[in-house]
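Pasting the structures here.
Next, two complexes with subunit A in common: one pairs it with subunit B, the other with subunit C.
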Partner chain A sequence: MATALLQVSILGLALGGVYALMASGLTLIFGVMRIVNLAHPIFIICGAFVAYWLFRLYGIDPIVAMPIAAALLFAIGIVVYKLIFQRDAQNPKYSEMTVLLTFGVALVFDGLLAYWFSNTQRVTLPSYATDAIFIDDIFIPTAQLYAGLVSLVVIAALWAFLQFTRTGYAIRATTQNRSAAQLMGVDVAHVSLITFGIGLALAGAAGALVSFVFSFFPAKHWEWIAILMSLIVLGGMGKLLGAVVGAFLLSLIAAYVGYFAGQTWSTLTFFLALFIILLIRPQGLFGEKLEET
Partner chain B sequence: MSKALDVDSVLTARRDYNTQLARVVGSRKRAVGTVLAILAVLAAFPLVQLSGINFNYPLHMLLLVFMYVTMASSWNILGGYAGYISLGHNVFFGIGGYFSGMIFVFWGISPFLTAPLAGLLASLIGFGVGLITLRVRGPSFIISTIALLMIFRILFDNWQFVGGTGGVTLPLIDLPVEWVKVPYYYAFLAIAVLTVVVSYKIKHSKFGLGLRAISQDEVKAESAGIDTRMYKVIAFAISAFFVGMVGAIWGDYLNYIRPNIFLIILIAANIVLMAILGGKGTVAGPIVGTILLIAFNEAVVAYFGATQLNILGTGVLMLLVLLYFPNGVVGSLARAGNLPRFLDWD
Partner chain C sequence: MPLLLEVKDLVAGYGRGPAILEETHLAVEPGKVQCLIGPNGAGKSTLLRAVSGLLPPRSGEIWFKGKRIDGLPPHAVLQLGICFIPQERGLFPRMSVRENLRMGGFILRDRTELDRRIDDVLQQFPVLRERTSQRAGSLSGGEQQMLSMARTLILRPELIMLDEPSLGLAPKVVRQMYDIIHILKERGMSILLVEQNAVVGLSNADWGCVLDLGKTLFEGPACEILADPRIQELYLGKAQTAA
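On to the complex of A and B.
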């Protein structure tokens, strides 16, 4: 029993890293722009498709393909932001309207991907995808292990970037107080643009890892919207650390639910958690109350 | 120098102005005749089946319009008047479909009879869910409605009693092919008319005024003495009622109930888009939006076939409407002062 619980915990923690990376871009974008990006999961799937095809066509390892997916999604992010989100941020209904805009963006990319690649289940299969490391009775699937570790590296890099670079300062300042940052000479519009790009690059990077950890298909992103939301709502929206803690916590709980009650119900954990958090502590573990508009 | 202000005359002037304002609003001629004529034509339309030519396709398109008019109008009560955007409204559609469908399978009672009960159940569930989710506003509420949809999808996908992902087949209705759509046509028409009338009544009631105050500024509305929470929850429950009713009839119309015909996000997207395209917060807007969007979808299917391009088209249209046409058809016409009288019910 103890072994089984340890086993479940390890699997939960390994996935937690990937969830944390998936949620990091979302929480970053929300922090700076107050945009709840419902299109985030479809961009993760875009990243997964990039890694999938690079592997299928050229045999490029998904982890190596990760920077390529990130760069591509960064470019897509810049274009999408310029086309759609770079407008009346002063409008009081902005936050609410952007949710619907991101919903529209999600529909567009969902339609495109499903039209090109159809809604069949796919998974990238590098050599380590089906392998496992054994320590006594405990096995650690290498796919989850590598994905979790790489995720943590990327998140650490993101943290360092936010902490030690001038752009990072600007992003953090804008997150804390948009108008004060502007008064201090931060080009808020530019910071928003860059942040949106970085957020999507993180989605792309996460997608490359997702491509060999989960099986994916375009329509799957609807399910992930609520999953990712539960992670960042638990941690307090806009907080990077909160998203990471939320991801590990819920991933662990979901792993236990999956173990005791069956895999189908493990996904339900996230949705129910989202409801419960909204009910008892809408501001999450670390956050102030979510800005009300 | 200053003359003492004559309080009485100011008050009288103000009262006169208010009466005059009320009279202007009250005496504005509603084009009731036009609407009744349109309804009469719609009510008589199934008679074309007597001609011997099969008109099932136009009947199907019309009843689809009635169904979506119901859903978009009821969405509008919460989303348009109160400003709480729900992206999971088809949950109640599914609840209605499953409730009446299962009763039909087990006891043979037609969904035509149980539809109001299905609406009531949807309404009750809406009330309960609303008590939880309507505590949060703006983006958090929208997210919670998506989560609600996902929860119900998983529940119904795995609930073997109602057939899981495969769903359940319902008994067939025993009518010749040219008349088989007619009962559904009238049922949807009746529910649609009822919904729009209720929507109109709400808009012109104190309750509706309260909802609009909530959409403008909830804190001020609350400090003005409006029980905002109850207002929102009741609006949510009313809106769920009609969606549940059409869900019941729709399941019977298709002869099967399955999670992926009720609980897909594309339906929610369509409902929202219809209301916004027509003009959210207006009475006639959802009707106009529904007709336009169904025509658009049908054109896309006719030219490109039923592919994933439908999703793409819905998305592109949603972006264009939100960015360049946020007031919708009715809202924009009203602002320009060219709104035809038969669309002016606000």
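On to the complex of A and C.
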């Protein structure tokens, strides 16, 4: 029994890292722009397709392909933001409007991907994808181990970027007090653009890792949006650390639920958690009440 | 003496709403402390926001040191030497004191120069020096006000605009804050402040300006405004209630 619990914990934690990376871009974009990016998971799937095809066509390892997917999604982010999100940024109902806008963007990208690649299940299969490491009776699938570790490295890099660079200061300042950031000389329109790009780059990076951890198809993003929302709502929306803690916590709980009640119930954990958090502590674990923007 | 800041016929408002400021005038002389008073909704804060560039005016002109600045974005106004401390003090609550000071020098690209100026400013604010790694959100109201003023000094501006600096502060802290304002004035900075507590504001100012319903009603030496019976009755809360 003890071994089994340890086994479940390890699997939950490994996935937690990947979930954290998946959610990081979503929470970053919400923090700076108050955009609830419902299209975030479809961009993760875009990243997964980039890694998938690079592997299928050129044999490039998905972890190596990760920066390529991130760069490509950064570019898509810049274009999408300029075309769709920039012009209404002054609107007082921007948050509400962008829920519909991002929903529309999700539909469009979902449709395009399904049209080009069909909705069949795919998974990238590098040599380690089906391998596992055994320590006594515990086994750790290498795919999840690698994906989890690489995710943590990317998140650490993101944290350092936010903490120590000039752009990082600008992003954090804009998140915490938008008009004060303006008064300090931060060009918040430019910061918003860059942040949207970075948010999508994180989605692309996550997608490359996801491509060999989960099987994916374009329409899968509908399931992920609820999962990701529950993670960042638990942590407090807009907070990177919150998203990471939320991801590990819920991933762990989901792993236990899956073990005791069966895998079908595992996904329900996230939906149920979302309801409970919103009922009991809507600002999340680390959240204060939302500041005026 | 040429004016430091001059506002002419300024009209401004939020979104598609009605104009908050109508034909507002204002003039600030270099090296003076000027206090804006007036009832709630007179447009005092709106005027400061318009000068800072946060709220682009609908019409009218704003001149600073002989340069027209209305319509400039906030970072350009900052670059010219105008700093604005909004009513809620404009701090970044989850950043440390030192990080907040760094943000004060955001437009300086020279990192070593920035660090030198931060050390300079910390010399003048011993309260903050002991708390450089504390989060700004956990400081007391008085400390927060000190931090927002200290942060402004990083850029060594020529004009500092303060919106209701004494709001929510204990009388002792208000006195400390005005002591700092007098020191800044002695160093040649000009101050434009909005005060709800008109008596405190005017008695610490050289020049006063009364704003009501978006219009400049009256301006003059602060001591004259303080003594003017009409102003006293209307805005200084010394009205005799009708018997």
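Here is the rule we use: the second predicted complex is superposed on the first by the 289 of 293 C-alpha atoms of A that agree within 3 Å, B and C clash if a C-alpha of one lies under 4 Å from a C-alpha of the other, contacts with A are read in each partner's own complex, and residues count from 1 in each chain.
Note that a residue touches a chain if its C-beta (ideal position, glycine included) is under 8 Å from a C-beta of that chain, and two chains touch if they have at least 3 such contacts.
Values in this document were obtained by computation on a predicted structure and should not be read as measured data.
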Winner by number of subunit A residues touched, once subunit B and subunit C are compared: B
Which of subunit B and subunit C A:V153 touches, first, second, both or neither: neither
Which superposed partner A:L268 touches (first subunit B, second subunit C, both, neither): first
Touching partner for A:L5 - first (subunit B), second (subunit C), both, neither: neither
Touched partner set for A:G185, first subunit B, second subunit C, both or neither: second
Touching partner for A:V79 - first (subunit B), second (subunit C), both, neither: neither
Subunit C-contacting residues of subunit A that also contact subunit B: 291-292
Interface residues, subunit B side, partner subunit A - complex: 83, 85, 87, 132-133, 135-140, 142-144, 146-148, 150-151, 154-155, 157-158, 265-266, 269, 272, 276, 307-316, 318-319, 322-323, 326
Contact set on subunit A toward subunit B in their complex: 34, 36, 38, 84, 87, 95-97, 99-101, 103-112, 114-115, 118-119, 218, 222-223, 225-226, 229-230, 233, 264-265, 267-268, 271-272, 274-275, 278-279, 282, 290-293
Contact set on subunit C toward subunit A in their complex: 15, 52-54, 73-75, 78-79, 83-84, 86, 88, 90-95, 99, 102-104, 106-107
Parts of subunit A lying in touch with subunit C, wherever the complex brings them together: 92, 166, 169-170, 172-173, 176-177, 179-187, 288, 291-292
